[in-house]
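In the two assemblies presented below, chain A is common to both, partnered first by chain B and then by chain C.
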Partner chain A sequence: MNIWRATRLAKRALFWAVLLSVMVFVLFPIYWMLTTSFKEPLEYATRTPSWFPHRITFQHYREIWKEGAYRYFINTVLVSLGSTLLSLGIAFPAAYGLARFRFPAKLDLIFLLWVLLVRMAPPVVLAIPLYTTLQGLGLLNKLTGLVIAYQVYTLPYSIWMLLRFVRDVPIEVEEAAAIDGASRLRTLVAIVLPLVGPGLVATAIFAVIMTWNEFIYALLFLRRPEVFTLPIHISHFITEYEVLWGPLMAIGITSSLPILILSGYVQKHLLRGFAISFK
Partner chain B sequence: MVRKIFLMFLFLLCVAALALPKEKLVIAGRDGGYGAALQIAVDLFMERNPDVEIELLKLPYKGLYEKLVIDLSAGGGAYDIVMLDDPWATEFMSLGWLAPLEELGYTPDPDFVPTALSVCRYPYPDGTLYALPHVGNVELFAYRKDLFAKYGLASPPKTWADVLEAAAVISANEPGVYGVVFRGRKGNPIVTGFLPILWGFGADIVKDGEVVLNSKEAVAALKFFLLLKQYAPEGVEIWNSSEVKEALLAGDAAIAIEVWPAWVPDLDNPEKSKVVGKVEIAPAPGLVEKSSPMLGAWLLGISSASRNKELALEFLKFVTSAEIQKVLTLKAGHAPTRVSVLTDPEVVAKYRWFPSQLAALEAAVPRPRVLVWSEIEGILGEYLQLALIGELSPEKALAEAAGRIAEVLGD
Partner chain C sequence: MRALGRWGRRHANLLFLLPALILIVFLTVYPLVRVFYLSLYRYNPIRRIERFVGLGNYRRLFADRFFLTGLRNTFLFSVGATLIEVLLGLGLALLFNAKFRGRKLLLPLVIFPMMFSTMVICAIWRSMYHYDYGIFNYALRTAGFQPVKWLISQDLALWSVMLVDIWQWTPMAFLILLAGLQSIPGELYEAARVDGATGARLFRHVTLPLLRNHIFLALLLRSIDTFKIFDKVYALTGGGPGTATETISFYIYREGFRYFNMGRASAAAVVMFLAVSVVSFIYIRQVWRGEG
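Showing the complex of A and B:
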């Protein structure tokens, strides 16, 4: 009996120890970003780092605001939302088609593998062909162009995610709708769409996170500072002579806030997404 | 009636707009001080040529190389003029990404400092001209002349041996002042700090395409670097520009083996500096060889894919002319590349160290003209630091670095 209790205690202790060390590992960088962003330049330049800012200053936040960081913020929001909506708009019908129709010669499987290949290839590989294509279309240096380029990241992912959700919708529900005289399109909109709703939300959140932090395409395809996204703007706080730690940390915090908040929703919706049940 | 006249007017305006299409140039430039200086030139050029429109993109250093490479290699022609760091020049020029300027009818005049112009040519140093030197960046050496005078030290120090002696004397007698400061961080910083010593000792990294780093001169240079480190602050292994700059401005350092024209003016700015007028700038000392500071010029070239090469050349001529370089230098602290500007009395009156800067520029040595310089810099930077923190002996560090550089060069 005692041994049993001791093992249980040890198990709990181990659980908490592992949990705590993981938490420290994950949270410490965020803590460091937060405190550094409120420190005065002289303080973070000293040789002995301090745990808390001696004097809290908002100068770095003021500075990034004055430099017009909000414009890059808006650009990033537009690109993220744009590419996510476009992805979902294409991926949902695609996933439905792949789940419900029969294709000759296993075309559906080939298509799915091909899509996966695109996602697995390092994005840089596609950069040069995308660059020339976007240039030909006159979409280089435009946020619309970036939205299209980001489909490389989000579309394959969305198709695969949604495919699973659509497959989980029992065919009987659709058959019932068909018997009641609903057209295919109507079934899709009125029956299937609400049922995969949680799946759509989960997919969207991941797509937003993926595009929010994207660096390489934004770097290569945008050249006017007015259309820069946040990751590109952030990189300019690292100059060849010095790293501007204060503003860098301040903008780091500000730009990750939306994602941190969104991550809160991810958990909830993912759990709901995984627990879809149809009665 | 009024409406008719208005419409007519509008129509005429459209015709006028069509008849006088503005010629347009796009320049991929730098942000910060470089951008501000180039903007002045752009504005002046547009003022004098009202039918020309120039868009200057002020881009951060990080990512600029990638941005240029993707457009130049794809022949996109998104930029007419590009601003490039001199280590990229070999790659850009040998791959035909830049337009040869002599074919466009340009001949450079002898007023350019020869070292800065030679990196604009491929093959180096007297091949075809593909660019013009815009920013005459060169590594400078800084020391506290008040402290040197106090202890009767050779001012300016002529050789690296003088530097070591001065650092030792000042460290021993001036509490709270580091004898010497430099950038010890792995990679580009430590390599940049070490190169003038390496070259000053008569050694080199690559010569005629072969690695020559594993020489006794190079070992002597690295041993000297370690001797110098005794008088450097603790933790110098992770120092970068900002630490060197802060230490110098705060009066905590007697010697900085590497400072750059971009921030030297701060030393005389009473708002930032505690040592106004006390820091003297000199070309790096020599030893076996003459003074060999590192060249870090920024060049302006014309993209091969530009559809407006003649106009681009006009702008290049304009911005590198003595007249405009002087304006940029006086107004924006630009580092000129012309002898006449560096010796102009009005300019020298404002920037007292310009004679030294000219001397440094004339003695400057460019980094090896090879395609794989960034890899070499990475390797050398790693092994130099291993030697600096005492994990490898100087001999072993250089031998291993030489081996890996040979591999990179062989690929």
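Showing the complex of A and C:
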């Protein structure tokens, strides 16, 4: 009996030890970013960096503000919201059409398959022709150009997400509206839209996260500092200055905050959001 | 006007789909056709060269040391990162499938890393990997070990980049596998226990077979994603030291957007697209089954 209790105790101790080391591995880099952003340079640019900041300073945050990092912030907000709204505006009717209508020649199936294939494809594959196309339209180095390029990511994604949410709306509700004499468009706006509302919000949040963090297209299609987004600004910071970690971490924290707050709202959709589809 | 309305009702299906259809064709079908077309040309917009070379680009590609190294590194990275992430994700999912105090609090924290922008993550890890001032080498020196050349050693750089990917994306595999574990009905375990199965045997004969589809999906999804590896290489090593962290995406970027050898870069892009599509098709078939 005693041995049995001892092994149970040992098992529990092992469980907590494993859990603790996992949490340390997961959280330490974030802790490191947070504390470094509040340290004085003498505490991080040294062979003996301190585990905790001895004196907390806000100088790095003041510095990045003074140097105008808010411009990159504004650019990122504009691109992110722009691409999300454009995507939802186009994807919602498309998802509704795909869920509710029949199409000739299996057009809907082919379309959905293609969209899924595109979502899986490496973005760099499309970069060269997109570059020449944007150049031809005079949209290189313009936020509008990036908003259009980002549809490669957000449109396939939004169509698939919204398709699921639209399918969850019982068709009887729409039939009732049709019997009452409402047109297709009115049914869509007055009945379906409110029911899909939460799904629309979740999709929007994921699209915002996706575009907020996007790197490669921003790198290739924006070459002038005044149109940089946050990830591009950070990448220049990383590669050009060896150990200016205080301001770098300060900007890392600032640029991540909006995303972390938003992600709190979509916890229960995470799986659907990141893996597209399966039950 | 009325005729238009009637036409609209009859073709309502197309009207709903049309904007999306046009944009998708414009942004993906046309560029893919064009990238294939360009891959048959020697094309450099800066030096104003445009000459048809047939399959010449492909032949030179497979004789190019940089491309071949990139191919090798990409496969190594993709397979290594995928296997480790799914394995760790499985362990983590088993851990969080148990009931314990604080589970609700810790679960969102575990998922934290995949929310950050890859550039922010690279900033953190590059500072921790720093040879002189990094926290890792400080810890090693304090414990009496030799410091490690995390990002500047030919043999280690690719693995250091991989570790960052593992930190960022194990949560993804974890989420998929946790969902899988929670979809297994508890009665199955009870029935197996009545039959005398415990611990490891329970895991091997009940959990693992029922989790097969989820493991398969996690493997597919992570391998497709890791195959694209670009951002981390760009920010952590720039493809170096030497060609130690050269990857296909990085090769396409350098040939196409630094040297403007857009023909050859396009050929590499076509090869990459085909390679990823093979795995994508398996994934798509799986998703389709789930839909049907």
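The rule is short, and it goes like this: the second predicted complex is superposed on the first by the 239 of 279 C-alpha atoms of A that agree within 3 Å, B and C clash if a C-alpha of one lies under 4 Å from a C-alpha of the other, contacts with A are read in each partner's own complex, and residues count from 1 in each chain.
Going forward, a contact is a pair of C-beta atoms (placed from the backbone, for glycine too) under 8 Å apart; a residue touches a chain by one contact, two chains touch by 3 or more.
Just so it is clear, the model here is predicted, and its values are computed rather than measured.
Clash or fit: chain B against chain C, after overlaying the two structures on chain A?
In the superposition, chain B runs into chain C.
Looking at the overlay, does A:25 come into contact with chain B only (first), chain C only (second), both, or neither?
Once the two structures are laid over each other on A, A:25 reaches chain C alone.
Any idea whether chain B or chain C touches more of chain A?
The partner making contact with more of chain A's residues is C.
On the A-aligned overlay, A:36 touches which partner chain: chain B = first, chain C = second, or both, or neither?
In the superposed model, A:36 contacts chain C only, not chain B.
Does chain B (first) or chain C (second) touch A:127, or do both, or does neither?
Both partners.
For A:2, select first, second, both or neither according to whether it touches chain B, chain C, the two together, or no partner.
A:2 sits against neither chain B nor chain C.
Is A:224 touching the first partner chain B, the second partner chain C, both, or neither of them?
It touches chain B, and chain C stays clear.
Go through the superposed model and pick first if A:102 touches only chain B, second if only chain C, both, or neither.
After superposition on chain A, A:102 lies in contact with chain C alone.
With the two structures laid over each other on chain A, which partner does A:114 touch: chain B (first), chain C (second), both, or neither?
In the superposition, A:114 contacts chain C only.
Determine, under the contact definition given at the top, whether A:241 touches first (chain B), second (chain C), both, or neither.
First partner only.
Where does A:141 make contact in the superposed view: on chain B (first), on chain C (second), on both, or on neither?
Touch status of A:141: first partner only.
Of the stretches 63-71, 117-125, 207-215 or 279-287, which one in chain C hits chain B?
After superposing on chain A, the stretch of chain C hitting chain B is 63-71.
Which chain A residues lie in the overlap of the chain B contact set and the chain C contact set?
Residues 45, 47, 127-128, 131-132, 216, 219-220, 235, 238-239, 243 of chain A touch both chain B and chain C.
Would you pull the chain C residues touching chain A in the complex into a rising list?
Touch list, chain C to chain A: 9, 12-17, 19-21, 23-24, 27-32, 34-35, 38, 45, 92, 95, 98, 100, 106, 108-128, 130, 132-133, 135, 138, 141, 167, 172, 175-176, 179, 213, 217, 221, 224, 227-228, 230-231, 234-235, 238, 249, 252-253, 256-257, 262, 265-266, 269-270, 272-273, 276-277, 279-281, 283-284, 286-287, 290-291.
What residues of chain B sit close enough to touch chain A in their complex?
Interface residues on the chain B side: 28, 31-32, 57-63, 66-67, 70-71, 73-74, 76, 78-79, 234-235, 240-243, 245-246, 260, 262-263.
Mind pulling up the chain A residues that touch chain B in the complex?
Chain A residues touching chain B: 45, 47, 127-128, 131-132, 135, 140-141, 216, 219-220, 223-225, 232, 235-236, 238-243.
Could you please specify the touching residues of chain A with respect to chain C in the complex?
Those in contact with chain C are residues 15, 18-19, 22-23, 25-27, 29-30, 32-33, 36, 44-49, 90-91, 93-94, 96-98, 101-103, 107-108, 111, 113-118, 120-133, 148-149, 151-152, 155-156, 159, 184, 209, 212-213, 215-216, 219-220, 230-231, 234-235, 237-239, 243, 245, 248-249, 252, 255-256, 259-260, 263-264, 267, 270-271, 274-279.
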